[in-house]
C-alpha cells in the first residue's frame, strides 16, 4: 500500500465522449481521504497518451485502441468503463448521397488507431469499396469541419461534437450513425493505470462509482446538464443538442463480445499484432461493484 | 597661374557647407573659392576632419553646397556624372567582378559593343601595368594593385576630371612612392585634370601643380601654393625641401613641440 | 655605437623563421642578427610583408624562432611577459573599459592596492596629456588619443623594452608628427628601450638612434644605419635630408621610375 | 524625438489599417463563413472580452513565467558551456557533431521523452523553450569565443593575465556583443516554441489558449491569441534589441 | 587533407560513442521500461528495418520535396520582396511592424487557417516551412540591402548606372553574402518545422513517421526518425555552409 493520494489526475480531451468525467468532477469532485479529481485537459490524444504512459496522470478518457496499443507495448493499463455508447456520426458533404459518391475523394479520420478508422472502413464496405478507392487522411478533429466546408475532404468520422458541428455549420450531413455501421461499437474508454487500482483500490472504486452515476446524469438533457456540458465544451446549444441526441451514457460496461469484435477488426486492419486479451486489459469489477 | 586666359574647368565660388548634427547646424566648410584649370594637378592638404572629403563630394555632385555654387565648364553641378569620376579611398572595386570586368563597369552605360568594351578595358589595364592580372579578383590583389585598377577604370571612362580622396593613404611608403610616379606618368600621357585630397605633405608637394592648405573648424583654405619645379621631381632635391619647409612652417612643425599645443 | 662595453638588452643571433603554408615551408626571416642596448631607440624599416612584425613577435616571445636564439638580458625568450610590452597597431585597448581602467589593466596582475593602481594610472595618463579623458571609453577617442592610452599603459608597467608595430600608421600626418614628438619626450624622460617597426622613412629617421633597413623574400637586414644627429631633430634640416637620401638610395627611389620595376 | 515618435506611430497605425483591410477583403472575396475565418470585428470583440474578464492577463503571466524560466536557464547554461567549449578545441571538436545533429530536431519531436523526464504542466513548456533557446546561444557563444580578437589574447599573454581572470576580464567581455546577438536570436526561437510547449498538459498560457480555442473551434480566440503572441514577441524582441544596441554602444 | 578527414572521423565516432554510452547509462540508471525509452540497440534495429524495407527512403523523399518546395518558394519571394522593401524606406517603415508582429507567431498556430486556404496533404507542410523560412530571409535581405556599402551606391551614381542595372549589377551582388547568411538561418528554422508541418493531414514524410510512431507507441521508430531528421538537417546545413563559404571566397 502506497501512501495517501491527494489528487487523482485524469486526462481528457474536450469532447462529448468525455462527458461522464467532467460530470463527475462537477457533481462530486472529492473522494476517500480527501483525494480530489484533477482533470487535465490535453490538446490532442498524442500528448495525453504520453502523459498516461509515463504515469504523469493516473487515468484518462481515451480512445480504447490507443490504450490497447499501450497495453500491448507493456504499459500496465486497465480499461474500466466506456466513455459513452454510440454517437460517432459519419458526416459527409451535402452533395454526397451514398457511399459510392466518396470514390476517389479524400476522407478524414482522427487517427489510424481509432474506432473511427474501423467505422470508416465499414462504411466503405457498404459501398463495396476499400481504402484503396479513397484517399484517407489523418487530421486533427478541429480541422475537419473547415476541411469539409472548403471541399478538401468529402467525409469524416470523428468524436463529438465535431460531427455535430459540421452538421450545424451547414456544410455536412449525416450519412450513417455508428450503430448502423457497427452495432455496440466501442470508442472512448475510461482507462486507469493498474498501479492506481492496486495501490488505492478504495479510491479507484469510489471514483468509478461516481463515474457511473455521472454518466447517468450526463445523458439526461435538462438545463443543468447542458450548463455543465457547455462549461467544458465550447459548443452552440444546437450542436450540443444534436450531439447528445446521437450519444448515450447509460450502459458503460465493456462487454467481452463487443471487445472481441473490436480486436478482430483491428487485427484485420493490421492495426495490431497481438492485442491484449479481454481478461488482461478490461476490468469491469469496479463498474460492477458500483451497481 | 600661367594660363589665366583659359576658362577654368572647375569654379567654386564662396562655397559654404554645413551638416545637421543632433539639433545643431555644424559648419564644415566656409568661404571656399577655388578654380581648377584643365590639365592641372591640384592637391588639397589638411588634417583629419577639416572637410577635405566634403570638398570633393561637392565638386563631384554627391553633396549640395549650403551656399555658393560650383560650376564645371560653366554648368552648375547638380548630381554626380561620368564627366567627373571619384576615386574612393577604399578603391570602390566590386569584389564579385574580375579586374577587367571592374574596368568594364565604367563603360557599360555606354553604347559600345561587348568586344570594344573588353578591348578598351584591357588597353587601360596595360597602361597601369596590370595586363596580366585582368582575370583576377580584387580580393587577390594587393592594395597598390587595387588602386591601379580603380585608376584604370577612371581613365577608361575618359572623364574631364578625376577626384582622388587620399588614394594612397592605405599603402606603405614604398608602394605609395611607386604609385605616385605612375600617376604622374599617366596624367601626363592622358592629360586628365586631377584634384587630389591628402594629409601627406610630401605627396602633395611631389604631385601637384598647385596646392591648397586647409585649416579646420570650420574648414577654410588658409594658403595656396604654386609649385613651379618641373616634373618628375626629386624628393631629396633642395627645391623640394623648400616647399616642404614652407608647408611645415604653415603648420608650425619646424620646432619640435614638447608640450602638445592642442589635444589631438 | 658608443657604448660597446655594456651587455646588450636584446641579443638576436642568426635567427631564421619559417611558417608552414599549405604544404610548403615559407622562409620569412633569414639570418637576422641584431643587438639592442639599454635605452636605445631602434627602428626596423621595410616594405609590407618583409617580416617586420615577425621580428617583433619573436622578440616579444609570441613566436618561436625556427633556428637561432633570442636573449633578453642573457635569458632565452620563451614566452611573452611583462618585461617587454608590445604596442599593437590597432592599439589593443579594451573597448569595454574606460581609459583609466585600460591603463590599470597592465597593473592588475601586480600586488598593489586598488588606490595605488588608480594613482599610478592617472600619473601616466597625465604624462601623455590625457588626464582629463580618464573616464572616457576608447570608442570616444580619436586614433591619436588611443595610441597615447596604449603608450601610457605600456609605460605604467615600467617594462624594460617596448615593441611598437607601426604605431602611427593609421594617423594622419599631422597627428603623427605630434605623437612622434611626444614619444621622443617620453622616452627621454623614462629612459625606456624601444624597438619600432615602420615603413615610413621619415619616421624612422626622425625617431631612431639606429635603424635597420630590411629587404623582402626572405626578410633580411640589408643595411644598418646609425643616426648621430642630436634629438630633437629638425625635419627640414640638411642632416635629416642626408639620412633620407641615404635610405632613398638604398631603395632606389631617387630617380623617378617610369616603368614599374616590379609588380606591386 | 517627438517627431520621430509621431512618424513611427503613423507607420504602425497605417500598418494596422492595411492589415485589417486585407483581412476583411479576404473574407469578403473568399466569402468564408465567420466560423472558419472570423472577421476583424469578431476578433476585436474576442480581445476586448479577454481583456475585460482579465483571463488574458493570467495566460500572459503564466506564459511569460514559463518563457523566462526556460530562456534564462538556457542562456545561463549555454553561455557557461559555450565559454568552456570555445576555449577547448578538442572537446568542442567532439561536442560539435552531437550539437549539430540535435539542433535541427524540432523540440516537439522530443515530447514523449520530455513528458517521461519532466512530466506535464509547466515543465514541458519550459523544457521546450529551453531546447529552442539553448542551441543558438551555445553556438553563438562558441563562435564568439573562437573569434575573440587575437590582439586581446596576445595582450593578455603580454600582461601575464592568467585564468580565471583571462576568462572574465578578457574573453567574456570581448565575446559579449556577439553573445548578445545570440541571445537575440534565441529569444525569437524560444518564443516561437511557446505554443508547442504549452500543448503538453498545460492548463493555461497563451499557447494553451490557442490550442484550446482551436479545439473548441473558436477561431476568433485563436486569432486573438495569435495577436497577443505576436505583439508580446515583438515587445520581447524590441527589448533585447535595445539591450543589444546599448551593449553595442558601450563597446562601440 | 587525408589526415584532417581522419581527425574529423575520429571526432565524429567519439561523439557517437559518447552519445550511445550516455543514452544506455540513462536507461540503466533510470531503469526505464523499453516502451518508454528504447535502448540504442532497439533503435538501431528500427533503423535497419526502416532502411531494409525502403520505407524510410520514401519518407525522406517526400519530406525533402516538401521542404525544398517551401524553402525555395520562401527564398525567392523573400529575396525579391526584400530587395524592393530594402530600397523603399517608406514602404518598409509600414511593412516592418506587420512583419515584426507576424514573425514571432509559431507556424503551428496558423494551422486552422492553413487548412482552410491550402487544404491538406503536402500543402500544410510546405506552407509551414514557407512561413518558417520566409521571415529570416526577408529580414536579412532588407538588412543587407540597407547596409550595402555607401561607396558602391556612390560609385553607381558616379558611373550613371540606373535601375534596373543598379539592382542586379550592384545591390543584389553587394547584398548577396549577407543574404546567403539569411538562407543559412532559414534552412535551419525551416527544417525544424518539418515535423510540425507534417502533423496536419500528411500521410508520409519524416514528421509523419514520428507522429505516427508516437501514436503507436513505437518510440524506437520515433528516435529513429529523430536521428534521420538530425542527420539530414546536419547535411542540409553543411551544404549551405559550403555554399556560404564559396560565396565568401568569391567576394573575399
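A few notes on this one:
Should a chain be cited, it is by its letter among A, B, C, D and E, assigned in written order, with residues numbered from 1 in that chain.
Please note the rule applied: a contact is a pair of C-beta atoms (placed from the backbone, for glycine too) under 8 Å apart; a residue touches a chain by one contact, two chains touch by 3 or more.
What you see is a predicted model, and the numbers here were worked out from it, not measured in a lab.
Chains touching both chain C and chain E: B, D.
Separation of chain B from chain D in touch steps, taking the shortest path, is 2. Where chain B touches chain C, the two copies mostly use the same residue numbers: shared numbers make up over half of all numbers in play. Centre-to-centre separation between chain B and chain C, using Cα means, comes to 32 Å. Taking each chain's centre as the average of its CA atoms, chain A and chain D sit 37 Å apart. The distance from the centre of chain C to the centre of chain D, with each centre set as the mean of the Cα atoms, comes to 49 Å.
Within chain D, residues 36, 111-112, 116, 214 each touch two or more of the remaining chains.
Within chain A, residues 46, 50, 54, 140, 142, 146, 150 each touch two or more of the remaining chains. Contacting chain pairs in the structure are A-D, A-E, B-C, B-E, C-D, D-E.
Residues 7-8, 11-12, 14-16, 18-19, 32, 36-37, 93-98, 100-113, 116, 188-189, 191-196, 210, 214, 219, 222, 225-227, 229-234, 236-237 of chain E are the ones touching chain D in the complex.
Residues 60, 62, 79-82, 84-86, 88, 90, 92, 94-96, 105-106, 108-109, 137-140, 157 of chain B touch chain E in their complex.
Against chain E, in their complex, chain A makes its touches with residues 45-46, 49-50, 53-54, 66, 69-70, 73-75, 106, 108, 111-113, 136-140, 142-143, 146-147, 150, 152-153.
Within the complex, the chain B residues that touch chain C are 47-48, 129, 142, 144-145, 148, 172-175, 177-179, 181-182, 184-185, 199-202, 232-236, 241, 244-245, 248, 251, 253-260, 263-264. Put simply, chain D touches chain C in their complex at residues 151-152, 154-155, 157-162, 165, 169-170, 173-174, 176, 250-252.
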